[in-house]
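Chain lettering (A, B, C, D, E and F) follows the sequence in which the chains are written, and residue indices restart at 1 in each chain.
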């Protein structure tokens, strides 16, 4: 049975569907009866819902965020859709197709990952080669790597966004490197691969995208450096020592890749390789962000709404035929 | 006869050479005799020079900046080289090989220009195609375009630097565009070609690189917009009208290409094309700047001196074998 | 028949009036009937309106912004006024008195323009004199010049605001110049006249004030320089050449008149004349802005609400008797 | 006998003159003899001086800054002038014409002060009128007011500069006020008169211009508020109470007249009067500063050296005939 | 009778209570009847109230902010509580226990004030000792000092907050001073005591906390300097002169205690004592602010909402057992 | 034999001493002879030295920085001391008393370390207790901890400075904690102990103080987090797991302790403990810095030279008796 998406709901439909529930609240009607207000959502939108004749027990059984199977009816209230729920039952997250509920990359994940590994296969420096291999053979981490988003909003803020962003940056790097022959390619490729690797730990994306405590307290820059140090220590335990200057240069790329202090880099780029990763990252993020902002802005004039992070509106018109 | 470069001078050499003279000053010795102090330079360096037994007439005949044929001798004074001049004669700038006196791109100018034209040949939009052609067929301007530096210092600050920078950016753009299919390629290519075209007017580079009054008062961003408007008006005079939205989008790329207000852009990028040109420009400039700073820093430790515009020292060591 | 202004409406009035309509939307009632929600406005305010029993055809005939003749009734809904429309008909903009619908200068436009021309008549430098005359004899442009606002909000944000602002600045300049005898008066007067001339192109003010695409992409600073260059080219075509240093100095005033990079000037003031125009502009704008903010703040305490652009509340009390 | 100015000295002159001495240091020659190195200066410049065969007693008798009558001879040393002193004697500051040693306004002090008083005579508000009178009748303070400089460098940095600046601002204010009828003139005129009154306490200008400890610790903004409060208290002691809102509005003008926090104003302008005083102050200061920088820049090209406080070079060429 | 707090109200209660009334508005019902809408509040919260069948006379008798004794009933309207008032009568502020209506320090005011005086008793410098005594014996001022809040929000924003903050800072200072023996303790203790003394004049806290006109125009930094100068003048009137350098050093601490220009200090700290007071102030304020933000944030996750002044969310979890 | 300090040298002394040599350069005299120019230094200063009749072999044998035993003579040259060297021999760094050559804390290192351990002994949380013990029992690291400086200049820029700073902060923390009972003391004490622990790796201080490559590329904030993670991993290897929230909170203190992004903290303080460590660090650093700047400023007026990092001069006068 196909899922009925929120943005396809019309007034007066009978519903028998699984949605994500968020922020359930138990309230009194003016007559003193109890009811539960909540939101139902999937990746296409969010709608108000009400369950009348509720009990405290039912309310207590609901998660503050989770999947529920509901039966009920859609209606218009004050010109907005809402759902009146008759029955509600909790659904195990493992039984739902997450892709219906969270936005996801439109690209082929498996193909992107294969291409990523192919590009990383070009690395020749033995230390970096071993390090990259150590990461790639951490299957649990790689499962997260291909699933994680790249951000909560901003750019690539959807499942698979981290891989899509990393994969695109690697492709760009491969094309750019020949124009800058003094830049050490192996450092750039490894740096691109690992620059955001700790997004897998900074963000939680089981259901909606949010920060983990770990991530909010330390950030993916510090966590990324830690992950690289840990893998290097594992390699050392196997007798493979990475040259300290090579390792420091790689770590420097990771911690400086935001380019400025105000964006949370504790060091500014001090090598050509660090500058290059910083620019490729920024370019790829901005291209994704600008295109998405233009595509998703609800207006219909030549300009989007004002975009605070960019300090400008965006011009939506495409003048070329 | 080959030129004897300043950085090849040794104490005690007899000299019969053409150098650039700068800042000649007429002074009195402690005994009251007149002498002229000046600098002699070529692209490899600068040295103090003294001409004893000078006259006011001789002094008045010297340009504040120009070429001179001198005869004299090098010596050490307070452990620094200086030149004692016996004869001095003004030389017409057209008779000297400028390449000996001003730093110049190490790449092949003719080849870069051919490749530039080839890439621009990919443009399909009729208005932009006509505009680019109008620029390319302005032979006087193109002569300046292939000669001008891109800056006084910073990046590509040598003859041919503007072409080298533009040519490299075009190559990069061609490689990047396939990864961002929503970006309108013709606008990017034309924008890259013309983003710094007014450096030809902002800078004076007949003898040393400096700002023109015109350039210092108005800047290459405003002058560049003016040059594009003038060419568009010429085209209109020939009956070829560029669509106003296309022209505005191109001009927007030019005036926003510095990316921030503090770097003199009167508008911030508001289209994907403007962001892309801004990033490619910044990337290519920084790569050139960082590599040059590392190559030319006089020290011999792992770090260059502190680079104020980058707010950091640069790490010179290349850790990869 | 006099217009019934929005801010004079009372509940329960029968209406037979022309208003500006904006943002009409076709919606369903809870019973499924169609109705149109829209705003009606004039220069004194804006009110919600509803037209029940609407059709898609009627909805499609309405402009997203335009004039309409409506018949209906005012009422209170949730303690706010709204208008119930029975009949609606589109009205041609040329048949309405724009002054009822858009705020306008309270000063005499014809008199201000005469005085403006009189002050500009003092200019003696032949090049600047010819340039000013060229602008003044462009009757279409002058019609815009005396009609345009100076901004969307901020200061002089009403029809005739550009002329009022320019006229006041010229008067101030005439009074200030004698105190600063080294300042070249002709440059200041011409600079004041033309500093905001491109507001006529940056802003659209046929119905409400907004940015044109042209203006939003390029801004009145770049467009102003272009307009001056175009007029200088026309003069050159007539055999009248303006000295390049004079023209550059004038253009420099225009592009630096915002005084700082962050306000969009691509060059900072570098002449006494540029500083003076920058200060007179800022002074006149702030006086207009502060007085308007104090006059129009809805509160009744000694202080206005916090004014973000000024980073302070304003003290409204006038302590002097 | 007329004073021989430092900038008129030539090598080989016999000297019998009074100069200001600064920074005397006792040193040993390579043979172990004692000598005193010092600077001699007047308002036109500064020169190195040496007194050979000195004694500790002589050295101890010299002030670190003061006037001395010297006899000696000028000579060239390493192509710079220096003075060899044979005799040196301390001169009482009261016996010298300070005008020879410190730069001074070129305008007529008495006339400026009369005009200042005439303009202040226009004030009608009884409280402000009484306050201004209280200041004007403080003869000791007024003697300082007409003598003090307005700054160490920057603008009006010469004796009489405070009066010249205040006088010019008052004249400008009188001309501007009619254009802004809502601005309360009495507050503006009193505010202009008193905005920098504490420069008389912040700066020491008996011999050279420097900060007093008092001034460096507290600044003329806080000291100015204190002086106004003190005078108001004196008036209150005489039974003349100034309305608190009037006094607060005046004090607000004084403490906000630098316009921004970063220039040391503890409050930002919050009244039209405060904005007006801030702008007139800034305008008059910048005009004086820019004209002086252009007049005094030693170069001979079209541009002055880079002026850090203005973030630009200044264009010195005056293009109008 | 104990007060029924707003946050204890339930729907359907009969009320006979004194509350603070704010923002009463006279409105028409859709049928044209008059009613008064207003807010009722105490220190625990605020609720909407309506009084139907109101008259203009009754409305005019109500203060825009004051205490009222109301009789009526609570009810739910659109799921929010509101109060329907039957009778309303004005209550004199002196008859209510302010502690019910405004938040207040939880510490013992009398004890804090005794300890404050005890610490100040350690001051030995005769001038500072006399000055502190002069303040302490101003009983009216001390009554304000122990009552005033320290801010509107931010930190210590409740009655007694100024004393609590000052008392805590003095205790901290006493503990810190032994570690920094070169710091002059008497200046630090006096500086801490007086740094915020003008909050008593800057803020109004009879009913709610707000700025006085005086305070908003001049700020507690300038007002604090004035209060110290006034007390020093009173002492001088009694023949007790404070050494000028001591007084200046104390005033410098007061005017620089915000530490940066952007926080309204007209001078930056220039003595060890000024730095120490600045740091103790900032530390004590931040500790109070952070603890309160964490305690009062309504959410129930590990993180508070984003705190704009701190540019971060706060981590609420206390990991230690 | 006691060391003859550089600041005790007088012209004409015969020297037979060990100094630190830096920057030796081989040069030609005007007659073509070789000589070596170099600097000799100890903790009290630096002096120019010349060794005439040098050879390339001798020059090559000298380190670019190291200890040498020299025989020679002091003399005055151009009024500055210089040393003429007759014999020079390299000295092993282990044979010299480093305390003569590098500035060092004036406090008792052993006593400070004992007190540090005593304070850390108060920690009760088992995880933090174990972690601190793990650090304290790393004898090699502790040897560095008690030797390292805290900075190159700024504050505590001398051997033992790290311990002195940490020890003082711990003492301050112990005194402050009782005033802020909600702050978790164990986290603060551990955070203070470890906040700068990576200065031992960031700085090189064998001979002069400089950055290591490691430190310059990564900084003590990232290196500090790595050191804590490594120790936690070692503990885990021994079966002692630190609670993740505790470890994250500690790491958060370390990475946020600079308090702002611009000072290189990748996260801003988000817990009361992090704020407290940030303030104690800043306070202790500033007190040390201000006192040192005042003590060491060479002038003799009431004010030091302008201190750029503090944006002010410092007032040196101590007004209290």
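Just so we're on the same page, contacts are C-beta pairs under 8 Å (C-beta built on N, C-alpha and C of every residue); 3 or more make two chains touch, one makes a residue touch a chain.
Note that the structure is predicted; figures quoted are calculated from it, not measured.
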- Note on the structure: Intersection of contact sets, chain A vs chain E, gives C, F
- Using the touch rule from the top, work out which pair, B-C or E-F, shares more C-beta pairs. E-F
- Message: Centre to centre, using CA atoms, which chain is the farthest one from chain C?
- Response: F
- Farthest chain (mean CA position) relative to chain B: E
- Item | Same-residue or different-residue interface between chain B and chain D, half as cut-off | different
- Centre-to-centre distance between chain F and chain D (centres being mean Cα positions), rounded to whole Å: 44
- If you average the Cα atoms of chain A and of chain D to get two centres, how far apart are those centres in Å? 61
- Note on the structure: Residues of chain F that touch two or more other chains sit at 213, 216-217, 245, 248-249, 252, 267, 270, 313, 315, 317
- Message: Run through the chains and report each pair that touches.
- Response: A-B, A-C, A-E, A-F, B-C, B-D, B-F, C-D, C-E, D-E, D-F, E-F
- Query: In their shared complex, at which residues does chain A touch chain B?
  - Reply: 125, 128, 168, 171-172, 175-176, 179-180, 182-184, 186-187, 243, 245-246, 248-249, 252, 267-272, 275-276, 279-280, 282-284, 286-287, 290-291, 294, 310-315, 317-321
- Task: Using the touch rule from the top, collect the residues of chain B that touch chain C in their complex.
- Result: 213-214, 216-219, 221-222, 225-226, 229-230, 233, 244-245, 248-249, 251-252, 255, 261-267, 270
- Query: Where on chain A is chain E touching in the complex?
  - Reply: 27-28, 30, 32, 213, 216-217
- Note on the structure: Listed in rising order, chain F residues that touch chain D in their complex are 11-12, 75-77, 79, 302-303, 313, 315, 317
